[in-house]
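Just below is one structure, and these are the notes that go with it.
We just call them A, B, C and D in the order they show up, numbering each chain from 1.
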Amino acid sequence: MSNSAHHDLATSGRTWASGRSWLRDNMSRFISLASIVLLVIIFTVMNPNFLGAANVRNLLTDISPLLVMSCGVALVLLLGSIDLSMGSIASCSAVMLTLTFTCAGWWSYALIFLFGVFAGFLNGILHAKLKVPSFIATLSTQSIWQSAAFLLSGGQPLTLIPKNWGYVNWVRAKSIGPIPLGPIPPLFLIGLVLMIVYYVYQSRTETGKTMMALGANERAARLIGLGINRAKIVAFTFSGIGAAVAGMIFAVKLKSGIPTVGEQYNLIAIASAALGGVALTGGRGHIILVILGVGLITVIQNGMNVIAVDGFWQQIVFGLLVLAAIYMNSDRRRRDLVVK
Amino acid sequence: MDKHGYSSPIAEEFAQEMVRRNKVDRIVAMAPVGILLFLVALLSIVADGFFTGYNIQTILGQLSIPLVMSMGLTFVILLAGTDLSGEGLGGFVGSIVILMVLNTKTDLDMGLWAILIAVAAGLVVGIISGVIHVYGKMPSFIVTYAMSSIMAGFAVLSYRGQPAMSKYEFFITLSRGRFLGIPSLTWIALAIFAISYVLQERTRFGEYVFAIGDNERVAKNTGININRIKILVFAWSGLCIGVAGVLGAIRIGRGEVVIGKDTVFPAITAVVVGGTPLTGGRGGVVHSLVGALIVTIIYNGLILLGVSTYIQAAIQGVIIITAVALSVKRGRKVVTK
Amino acid sequence: MKKLFSALLVAAFAATMVIAAAGEKLTIAVSIRSMSSEYHMQYVAGAEAFLKTLPPGTAEVQVLPCESNDDKQINDIKALLASRGKNVILFVDPNNAPNITAIAEACEDAGVYWCSAWNTPEGITPFLYEYWVHHQSCDGVKQGYDIAVNLFNSFKTPGKGKILVMQGMLANTANTTRMEGLDQALKEYPGIEVLDSQAGDWDTKKALNIMETWLARYNDIDGVWCASDGMALGIVQALKAKGLEKKVGVTGVDGVMDAIEAVGTGDLVCTIANNGWMQGGYGVAYAYAAYTGKISPATMTPRERMFYTNGFLVNAETLPQYRKDFIESVPVYDYNNLDFPIARPMEVE
Amino acid sequence: MDTHPVLFSAKGIVKQYPGTTALNEVELEVRPGEVVGLVGENGAGKSTLLKLIMGIEQPTSGAMTMRGDPYTPKTPIEANGMGVGMVFQEQSLIQNLTVGQNIFFGLEKPYLKYGFVDKRRMYEDARRILAEIGIKRIKPERRIRDLDFATRQMVEIAKVFSVVTRRSASGNLILLDEPTSVLNDDEVKNLFANMRRMTERGNSVIFVSHRLDEVLEISNRIYVFKDGRNAALLDEADADEAILYEKMVGKTASGEYYKVDRQAVPGDEVLLEATDLGMRGFFGGVNLKVRRGEVVGICGSIGSGKEDLCAVVCGDESYSSGKLVVNGKVRRFSSPRAALKAGVLSIPKERREEGIIAEASIHENIAMSNYKAFKRFGLVSTALEREHAKRHVAELSIKTPGITQSVGFLSGGNAQKVVFARILSSDADVLVLNHPTRGVDVGAKEEIYSLIRDITASGKGMILLGDTLDECIGLASRIIVMKDGLVTHELDAPAGAKPEQLEIVKYMV
């Protein structure tokens, strides 16, 4: 699929345009922030309730599942690879969570987390050890986990029975113990915590830094003595965890275990990471900025309902805004950077 | 100098090593054909009704859309790019072609012109995607993903929720016609395959696609206009999606956006399973024909075996990952992304 | 600053697509699976028919397509409720039944009257909620049963034969309820043998492919129980390609225009017109009545809050009647008579 | 027949890269119908001059003329148009296309009918061109990836001959850069026969090779380059290997340049030992010991297997025969990381592709080989990284605006110093230096030499592939000479008694 790390920069021998590179380098970062602010302003002008407390709470809630998935896939994109199995892992997690509540209660969250670790680890092994291209490896595990979701749910959309609602009511909590949360929903905190953990892991640990290095130049990373396979397997494992947490968020939020709930999220999560400045060819991007891409997509989808974009036009407007946002984020300064 | 005129025994070992590696590469290149034959043999024994005249015709009929889609995608993947616009664009072309021929909704009746206009729409959208990708320096993955969403929206807008039914005699004869035992729609798909083969083997465009995919630096040094070739590749992919959309509309006799649904990833899988790696440079349209046959036969075989609907997806996944794992290079220094 | 300008341009372009901005005007929201689903578009047409009965300018219809994405459906609804305050009423066909609880909670928090259609999980009823006006549904199980019985009786030797089962999308509420109806019918008709069952994902193209493959394996098929009109039309195309149309009975559900025609030509044995126009129209009417205080959920009888609506079984015999009532003359509903759509109350334990 | 007395001339050619002068006032002349040999050590500027003639790069100053008129090609296509063609060292053929397609790649216009290529005619012409240079057995329909290395080289040569003679059959210039390294004996004879056939028709050839016997056999006149300058011009009659060696190497650089006085006396503790080490098809039967404080220099020309030996030692490749013992344990490294854990680390030859991560900052690059040293509570602390990097930047006097600068911005010499800083920060005690001073300015070279002395003084062992023979001798305390995969000679090079280059060269070439 599109990600041989073909950095002409490394081979062309020419250095970048020097001078105030720091500002120009980070300019694209501010652009995606600016485009969110701009859209928010336009939507608020058209309907002030867009920034009302209720809708801000909606925005933050809607962001969380997409955020955990996008942060997960961002690590895989840093490698220059891709993960298409997130949707099915999330669906499987939603089904399993709904089922295990009856027998494992609060422990179900931990069990499903472990399932995410296993599913991601399997992707990592298939890709890193068997050297199967990540597109095919994750496309295949996607269909495997989709079948698992159907089998586990017996082909039924599962309902979270009222007896188990006790395990999920924390979603609507307005405060954690004494600390009032105000407009911030608990789900968003989960998304934030996961993003920060992934960001710190990627930027502060050896394996995390190896992900970025091997995405930029796998040959050099290998000769420098970095653990290539380990970084790949951990990246895919984290992506699996992100997908499982997203699945749990869907189950808790919708109070249901739908075996196809995550189906649509593969491409949106990758688009969000790309809008957050993560290069699809690897080696470039910051996990902390993925929230900008996710925020932009969520603002667009939420905003279209708030300003009542005609049903027929929603998909068209969504596509146009994604194109505009990517255009502003793309790095057209470096002529030699080959974009696949 | 030893007897073969090599400067030392080491050099001779090197030559032998090269010959061995060549042989291995050639076997690996033939792996997809081997897998195809194995599947046909296995299913003929296990699934009754598989190796019958009618089922072969059915397979050929079901082959037409993934084959046409994979033709356009082969050139895109040869450049290590991606084209996800098929879902929305295929649906759009399928919807408008029915609206333009004799149908139950509009009073248009443009006959063959409708097909030309619809396919041309695919071509134009392909060109737009190519231009945005090349000059906007944006990843083809995202450009075509957004384009798919846009075109899906226009598709539904074209019939405003009430799909038209075709009453065009020619479409009905096409959808049921047979010539020399092969369904007419499959003949159209094979025509697109033939054109793609000529494009790949006989034209300068085909040469340059391989050159850019294999070694962009050498292509640039030789003064090839890389941007133009890339746009042409996306144009051809758009045209193929257009044709696939028309074929889809003819098959179901209705114009709705669902024509494009779930057609892109099977087509990409067909190209990759066939032997064109996602990093481009190798493979070609013949490989994709084999890949398309494999994907279609797996789907057909699983239904004939009456495999439970829940585990069908899993079995397809396992077969595909095995097929690709067999034909992948595993040297220490090989970088797979 | 060229870049910022281009973002402004695109956003402005999006803005121009918009109908009137929010105001005191009431928004009648209809949350459906997708604009490309004919049956769900009947809801929208019904809502618009009701809108015409209101004085001009008091309200507008807004459609929320969720593209079969459960999470997006709840997100769209909550965004709408947050942006419209009290001036909104909602009619929802949940993408999957279990999601109804989350929708109910959202409407309860926003204090917005809403009605739902099709399925609720057991134990979840309007009675638990103050703003959930009513839940209406055609009886999915009964429909699955009716079309099965209709199919079985259409065979040469009624009640005996071999059938194939074309499901909709796996683990989708509409599909599981209709399959339940089929299972009931099969228990009552031991003479019927099910050769195979596959899932067509409500997709015409997939149904056609599956039917073609089935025809390669089975040649003495008497009928195909098919869970939706869209897929049924795909099956008919496959049968026509092999010259078997009319010889193999096919059923459908939804009552889509082309399916009604197909019953006329004999390609389809029967379909069920769920009359989306009536469901959408009265769903919105009830919510509007609650919104204007004409009725109050607390005082409504259980019969009014959970009821079945009649689907119209369309087969060769009932087709002329259906044509007369629904096609020649588009039915005009008196939305003040809220009792009209209620066929019978749902039994609630 | 263009009868201009001088076909090609280059005068006062200077080529500077940031920080290094590859060519310094070089001049060269080629007469019609002549083979001009060009010899010199690695890095003497031979390939750079060919790149200028081919228009891949432009000279900083100086003038070139072709058939009397000024000649300033901007791209290889322009050069081809003027009748100048070059066979590159690394393959420039398209693997997936056929022989015929490659020969006429970019030049399909005459065979085009409405965009369709008339393959029959194209393959006929290709067969004629191949036959013209004595190749009968290659079928133009075969794909390049199915051919072995030697055949591919012949196709490259055939392609250049055809491209060059498109303008006119004579008055053209063909540049051959190390064409014979993969050819066997009769393939070389065939190449020479074709070169003579070309020169008889009034074309000329510049022939670059490290195999002096071949150069002597074919060239009319031989230029010798040294350190980017003309060292000598010899007529074929009065040139032989001994004179060429002497001109190539010139006077051995002063001991002071290589800091010979600070050459450590090797301890007796053996850090690394290879016995009968071999890698099928690349090298065999290598025995060497690396003691603490010792620099083992390995000399050999291209294709001698010295680079593959380095790849095996540092874990980039696995060996097929013999034994490798590191710190007393027999090791078979599965990856460079395993080698690093055992204390073996390499400085790769291709700095940009293999030595640094261009996008990452200086302090990140330096810390990459030894994250353990910068961890606090399990996390890599940027503060520690930065502080450590500041110390190295000062110590090695790396010229950079700041340590957060991406290494991609730095010049060749400074980037190499960053690599050295990374090596020093790692606790590897056996270092494999693969052409450490390649493409580095003279000033930086000296700093690297003193750095090497410090490293050995601190007790680390080193395997060194010298950029030049002179450098190898200057730095190493023990020298191993390899040719075509086999060790042909071994000798000590103590500080006091450095061997002469002549002694070594005859085993190399």
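The rule is short, and it goes like this: contacts are C-beta pairs under 8 Å (C-beta built on N, C-alpha and C of every residue); 3 or more make two chains touch, one makes a residue touch a chain.
It should be emphasised that the depicted structure is a prediction, and the values quoted were computed from it without experimental measurement.
Separation of chain C from chain D in touch steps, taking the shortest path, is 2.
Chains touching both chain B and chain C: A. For the interfaces A-C and A-D, the C-beta contact count is higher for A-C. At the far end from chain C, in terms of centres built from Cα atoms, lies D. Here the CA centre of chain A is 33 Å from the CA centre of chain C. In this assembly, the C-alpha centroid of chain B lies 43 Å from the C-alpha centroid of chain D. The mean-CA centres of chain A and chain B are about 29 angstrom from one another, to the nearest whole unit.
Along chain A, residues 11, 150, 155, 219, 222, 312-315, 317, 320, 327 each make contact with two or more other chains.
Counting partner chains per residue, chain D has residues 316, 335 touching two or more of them.
Annotation for chain B: residues touching 2 or more other chains are 156, 309-310, 333.
Across the assembly, chains come into contact as A-B, A-C, A-D, B-C, B-D. Looking at the complex, you find that chain C touches chain A at residues 3-4, 6-8, 10-15, 17-19, 21-22, 27, 35, 44, 60, 62-65, 67-72, 74-76, 78-85, 96-99, 101-102, 105, 110, 121-124, 169-173, 176. Interface of chain B with chain C (complex): residues 47-50, 52, 54-55, 58, 61-62, 104, 155-156, 161-163, 165, 175-176, 248, 251-254, 256-259, 261-262, 299-300, 303-304, 306, 309-310.
Note for the complex: chain C touches chain B at residues 34-38, 41, 44, 167, 170, 196-199, 201, 203-206, 208-210, 212-218, 230, 233-234, 237, 240-242, 257-258, 261.
Chain B contributes residues 79-82, 84, 88, 132-133, 136-143, 145-150, 152-154, 156-157, 160, 216-217, 265, 268-269, 272-273, 277-280, 309-314, 316-318, 320-321, 324-325, 328-330, 333-337 to its touches with chain A in the complex. For chain A in complex with chain B, the touching residues are 1-6, 8, 11, 79-81, 126-127, 130-137, 139-144, 146-148, 150-151, 155, 218-219, 222, 267, 270-271, 274, 279-282, 312-320, 322-323, 326-327, 330-332, 337-340.
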